[in-house]
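Note that chain A is present in both complexes that follow, paired respectively with chain B and with chain C.
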Partner chain A sequence: MKRPAPRTMTLARIWLQQIAVLAAKEIRQLLRDRALFIYTVYIFTANILIAAGGASNELRDAPVRVHDADRSVASRDLIYSFQEPQFRLAGEVDSPTEALRLLDRGEAQMVLDIPSDFEISLRRQQPAHVQALIDTSQANIGYLASSYTARIVARYSEPWVQRNIIRAGGDPRQLPTIKNELRVWYNPGLDSKWFNTISELLTMVTVACILLPAAAMIREKERGTLEQLLVSPLTPLQIMLSKLLSMMLVMLCGTAVAIFGIMMPLYHVPFVGSVPLFFLLAALYAFTNAGLGLVAATFARNSAQVGLVVLLMVMPIVMLSGTWTPMESMPVWLRGLMYFSPLRHFIEIAYGILLRGAGFGLLWDSVLPMAAIGVALFALGLARFRRQFT
Partner chain B sequence: MGQAALVAAAEPPLVRVDGFVKRYGRRSAVAGVTLDIRHGEIYGLIGPDGAGKSSLMKAIAGVLSFDAGSVEVFGTSLVSEAAAELVKDRLGFMPQGLGLNLYAELSIEENIDFFARLRLVPAAALAERKERLLAITRLAQFRGRPMKHLSGGMKQKLALVCTLIHEPELIILDEPTTGVDPVSRRDFWLILSEILHERGATALVSTAYMDEASRFHRLALMFDGRVLAEGRPQELRRRVPGVSVQLRAGRQAEALARLSSRFAQVQALGAWIHVFAQDLDAAAADAEIRALLDDIPLDEMSSTEPELEDVFIASLHQKTAAPFADPASGQSFAAVRPAAADGAAIEARDLSRDFGDFRAVDSVSFSVRPGEIFGLLGANGAGKTTCIKMLTGIIPPTGGEGSVGGIDMRRAGRAIKQRIGYVSQAFSLYTDLTVVENVRLFAGIYGLTRRETEDRLAWTIANGGLAGYEDETAGSLPMGLRQRLALGCALVHRPQVLFLDEPTSGVDPVGRRQFWQILFHLSRVEGVAILITTHYMTEAEHCDRLALMYAGRIVADAAPAELKRRVAEEAGGLLEISASPVLPALALLRGSGFTDAALFGEHIHLLAADADAAGARLHQLLSQAGMTVGHIGRRPLSMEDVFVHYVTRLERGEAMQ
Partner chain C sequence: MNLARVFTVAQREWREILRDRIYFLLAFLLPVMLMLVFGYGMSQDIENIAFAVVDEDHTPMSRDYAHHFIESRYFSFKGYLPDAGAADRLLARRKLRMVIVIGPRFAEQLRGGRTARIQTLIDGTFTTSTRTIQAYVEAINLAANAEIRAGQLARRLGLPPQRVAALMQPVVLDVRYLYNQEVRSIWAVAPGLIMLILMLVPPLLMALSVVREKETGAIYNVCSSTITRAEYLTGKLLPSVAISCINAVILWLLATLYFGAPFKGSLVFFAVATLLYILCTTALGLLISLLVRTQQAAMIISLVMSIIVSIQFSGLITPVSALAGANYAFAHAFPAMYYNAMVKGAFLKAVGFEVLWPQLLVFVLYASAVFFMCYLLFRKRTRT
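On to the complex of A and B.
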């Protein structure tokens, strides 16, 4: 009879080896789960491309309809001040009624109504009026349209004002004016693709970091393999760590592909700060979110349920953590609540390192709360892990 | 043969299936089946999972298209969906799965009403039928209870009522008795017979239990999409000539090896050995076995007519002896057992477990010695799985204590878990990993060294018959192989205690026998203590000791032969009576004090003290009532008889209190 070979491995080495074996299994399973694998590849590649090219909250090519009752040189000058890329002249209308109809049907973003005494008023040095009717059903776009319009009209009236001052015997150059010297930092080209792709990446990283470990855990639960693991000498900590580490690795690879393979070469998104620091903190972020996913998996009984639970968690996190809208525009109580959202802190970190080149010295007040949330969630998941079987 | 059957044979068949072929993608599920079902009979389809039973039944019910051949129901050929619609009114179909076609939140009555409205049953007819069916099934007093709170047997009866509410002429029942406890199963068969008789309807019923063959008038043995044999149960048993021999010999493992060299079907059943001596009569078999055993002392030997399972396996022309059944091969794989192996390997002391208000396991106590195969036998929901989960430390008990190697499982550390092997229900393998990857994964989990891992991998592949399947994913393996892979993974670290939770569900008889041979070897040669649960009554005979579980309690605990002996002592021997007409005969017998009389197809089984004298008395009783009595003969007690006896005794005791 053959005796088992004497154990030369220390317990600690076995402990780590068990985690490694399980983590390798997780990755292998992910590669074989065609649907989940394609989904994972998609969110780090095609999805970033779509975010860069598609969704934009700038004002672009807004159709402008004009009702020009004046038909003068002055009115034509004003009309042609509305130019691309913000506006696009979509033609004239014969009557204000027609203009309203087009607004109602969404065929015009804005209707510019110029009265018949426009040029005469200007020449007589009297106030001239124009009316702009703006569709603000999309508040953001409407707001932009109205402010651009105000700026265009103000610029248009400037030479008329100067002419009037000269005519009154004054020198416009001596008038006290404020010259606004704008310097755009961190995104000098004001390229919204930078912001959009980073936001999309952060959103997708959040989804992946919650969903993948949750899916890995629920898969074991559904197929009964989890019980097999519980009967083995593995501890719950090892089981959870193996899921966490493997999915963290997947997420870091995906992030690297998205940043170095798509965002930097295609959209020239800068990577100003330290690459190792970014990936180290991204790993910490993955840990924090995996805790959330693993907690979700202890409450759900099957994949469908865990999908719904994850959806419920991800929506508010993504909407309210400042990815797409600034934190400062939210009510104070919500801002306080969002302090517990890991994404809120990771946004500071990601934009800080990528665009501003921030180091740990600047980011610690985001890193510490994120780490604390992660440890708390992981501990909760661990506590729930045993209890879900009793 | 009864008069009714003769008349029926002359009529055109109710269902005619000819050259039926069904494929799912490239996989062929049914490969050319031809059979007829006659008016008024209970026709059985017997076979393991994947034999093609469900596909065939669904096609006959008109809910599944097929690839070749023809299916004719009530004379209408089911060539299109429109044709299928023509017959659907006249048939009832109950799909597989306990109560899966019912609505868990609805009460018994709401479920029945729902199906009745679906079938456009007029209100007056519904009221009358509902009362009648509820009375027959004895569900009337529970009519307001939600379906989810019913027992397995009650769910099955409710499903039957819902299938019958529109009074179909043909009812198709897909595995209605799988996982149902034997008492409820007997009840179910009786109710089905009564209803069919009363209404003159016909039934097509499938089952995975070979021992249910005697419930049918005629049946088809199915395997791998084909019909192996078809006919009346008695005819099928005689299809392969030979006798079934039970013997007890010293040096069991050696005896087994010697017999395996001559006979294709040899298996160990606890302390017994079962041999199917094909083509031999009783005397010749006796002589050959004695010659083979030679110097091995023979304690007992008797022969009976072959079991259907023997016939089934003989029809497949397969040798069932697995390679490692031969202890002379010298390959050995269990760990060296510690000296303290004399004590109990597994022990349950007053183990209880509540789920909310429901007590799943109620003060269960037993112990398993090293080298012993201990069986927990019971229906779905009897508490077997909960017991195993407590003993493996997956869930903590509400009360009592479960220990392995003397250590309480609630405080089980790494050392004790390293000594346990566990195969959970439905073989929880990683189905998306290959055979090799699964074994390596579990080797890694148990911290085996690289050399140990390669050793165990080679052992699992060789002894599990997995050669050639190394790189197949576990999910693509046939059930039998999957089961042996699961066992291999559970044995990768050479455990001394093995827990197996319904490891043979859905596996074909050949695979089941091979599996039992591995277990036998593990227990006898390696001294592994094995705790196994099953709902196959016939499988229980393989165990050294058996605990019958019912509603969370153990109702009896002894060796299978001892259990049978006790029942014979308490209630007498088993008599088989063939009388016509059979249903009134059954009613008469039940009314005359034989309350345990049960219907098996065209026969009645009952327990009678002093069986020979009772036979004459029964003959007289039935003849006086004007019934034709065929034969009355003794039959060996089956484990199902034992189970039913203990449960009814328990229930009777409780009713008196």
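On to the complex of A and C.
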């Protein structure tokens, strides 16, 4: 009665061995395809280094031009309050028309216009109007410029306010003040390198996890070796699994190199949470995306088409999943649609584990949808893969 | 040139476009998709930030302070929380991006003319938006402070509130936002996207349509027929230009009606400029198609060219005046840069024919020159 057990055991072992052999072949093939191999190494190393220095979207050295019609002590004091790191005084302009021209050409972020009665108005306790022309074609930077300006003007006004209150018979020391202390969590120094490198890694992992399996599959199709595989004793499931596992392995190694070799030692990106949990969920993410890549490969006939299909899928996924633009600002229908993007869930997981030290208890509502999307895509890919040849 | 033959080629081409599923998808779905994806992806507006308030004071004054945030268009109020512990949990689960904690003696301290300390906890995971959120909070806090101080001082000194407000604000800052009065980034992004998409899609469509005939061998039918080179090229060009014109209208509607970007300039100018721009970019695609042999190469070359030109050398992100030497010259060799100025002008600055007519003239010359180059390159007699 003991016989059947070892028999199924050996069958299972053969089944797994076949997958392992095929997966090894996939990896060897990737290593020998020079273009794809260089690309894979690049995205996990040099690309992360480049991303670290990327756009931080903060206001830095914004050129300020001044039109000072007053030329008084008070106006000069105000002008010199605009200092680095946010602003850089880029010189004076003679007329408002010239100011507009400089703004048009992008040579000034802001133009400050101080009227000729600035100091006199201050002394007479009348409102002294200062105009700030701000280029808001990049809305975010424009907003930051205006808010820093408001802060600088408020600080500049402080001594004048106190004088005015004393003159009116009040006591400036008895003014109520709300002091709002801002505490930034999970990245107290607001180091944009943390955010930039992590989001670049996630983007690249997404591209690689969709593109590599799709490319591996389409290569077999183009060269006709897929028919060879199909007449072999291998099942479609084994063929797909082998491609998936090999690419998953490549992706996990690349991620490990990127995190432990570059992001942590060079940029001090923290790894607060559990390492095994992170890589387990990264593997799940790779599986989900590979499903997407395999589905794409079944729709295309050659590598040009697969490139196009992958491009059409990756672009919205990468741009709209919430790394580069906050989800909250999107309309409700788009947010609903992005629920089906695997990256949208993996962003929660990756940032959660790396920066916040989140465990499975906090992440299950991201893990479950991601797993469900992965299983659905893989099943679809398998079904379409079988149908292509019957 | 025999117009009947041109028309026949165009008609055949049109039918083929409608029948090829992938090509049809590229022609009509790609532009709309790109507009939506980049429209939402490139706009950096930070709004509807989910926040909550922990109010341990429970006074009209503390509620007043919270209201400053609740009424802002940038924040979306999710309710009051019982204690800071709940705030921690919701921040960790990313249900909230910000929590304001108002301590128990808030109103009392303020009424005594002292400093009341409160805390704002912000999720710093996404550094780009965190910085903007900080700026929002500080601006609102500044306004709330001014209001409370003025109110209290007016009562204490027995002066009219307006007078006190003037005393408290000796320097009045009038901010004028140029180009984009509501500081919505989509206003500036949407016109730029029209430039980008019309640089990307028409060359791709055009290049694929000729190379496809080379791949399938259908080009030999053309070579052996009585049709002249100019007739064939014009016939190929027309349907592609027509599709791109339809797309341009769709993109314009998306930009103005869907994204709500203002259109201040002249519609006639915009239409003429866009038509000429499409002619230029389509002609570039035709040029590519004559130089390569496979659809794959045509696609890669046209995409790479379009992406590099439209993103780096068009003034979309960095102004062309900031480019140095060779890059500056390179930018001037493609129509994207001129059209970017036109589209921005037509949308945001209401500039039209009177300022930009030289650029239109450049387009006419450009399209004719490229088309003439295609005419010279295209040979019915094959080399082999």
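Throughout what follows, the second predicted complex is superposed on the first by the 380 of 390 C-alpha atoms of A that agree within 3 Å, B and C clash if a C-alpha of one lies under 4 Å from a C-alpha of the other, contacts with A are read in each partner's own complex, and residues count from 1 in each chain.
The working rule: a residue touches a chain if its C-beta (ideal position, glycine included) is under 8 Å from a C-beta of that chain, and two chains touch if they have at least 3 such contacts.
All figures in this text were calculated on a predicted structure; none of them were measured in a lab.
When chain B and chain C are set side by side, the one touching more residues of chain A is C.
Contacts of A:228 after superposition on the shared chain: chain B is touched, whereas chain C is not. With both structures placed on the common chain, the touch criterion links A:28 to chain B but leaves chain C unconnected. When the two structures are aligned on the shared chain, A:279 is found in touch with neither chain B nor chain C. Chain A uses no single residue to touch chain B in one structure and chain C in the other.
Within the complex formed with chain B, the residues of chain A that make contact are 1-5, 7-9, 14, 17-18, 20-22, 25, 28-29, 32-33, 223-225, 227-234, 389-390.
Against chain A, in their complex, chain C makes its touches with residues 22, 26, 30, 33-34, 36-38, 40-50, 65, 76, 91-94, 97, 109-132, 134-139, 141-142, 144-145, 148-149, 152-153, 156-157, 159, 164, 166-181, 183-185, 187-188, 294-296, 299-300, 319, 321-322, 348.
The touching residues of chain B, counted against chain A in their complex, run 332, 335-336, 389, 392-396, 414, 417-418, 420, 422, 424-426, 428-433, 437, 440-442, 444-447, 449, 451-452, 473, 489, 494, 499.
Residues of chain A touching chain C in their complex: 56-58, 78, 100, 103, 105-107, 122, 125-140, 142-144, 146-151, 153-154, 156-157, 160-161, 164-165, 168-171, 173-188, 190-192, 194-196, 302-305, 307-308, 312, 315-316, 319-320, 323-326, 328-330, 334, 348, 351-352, 355-356, 358, 362.
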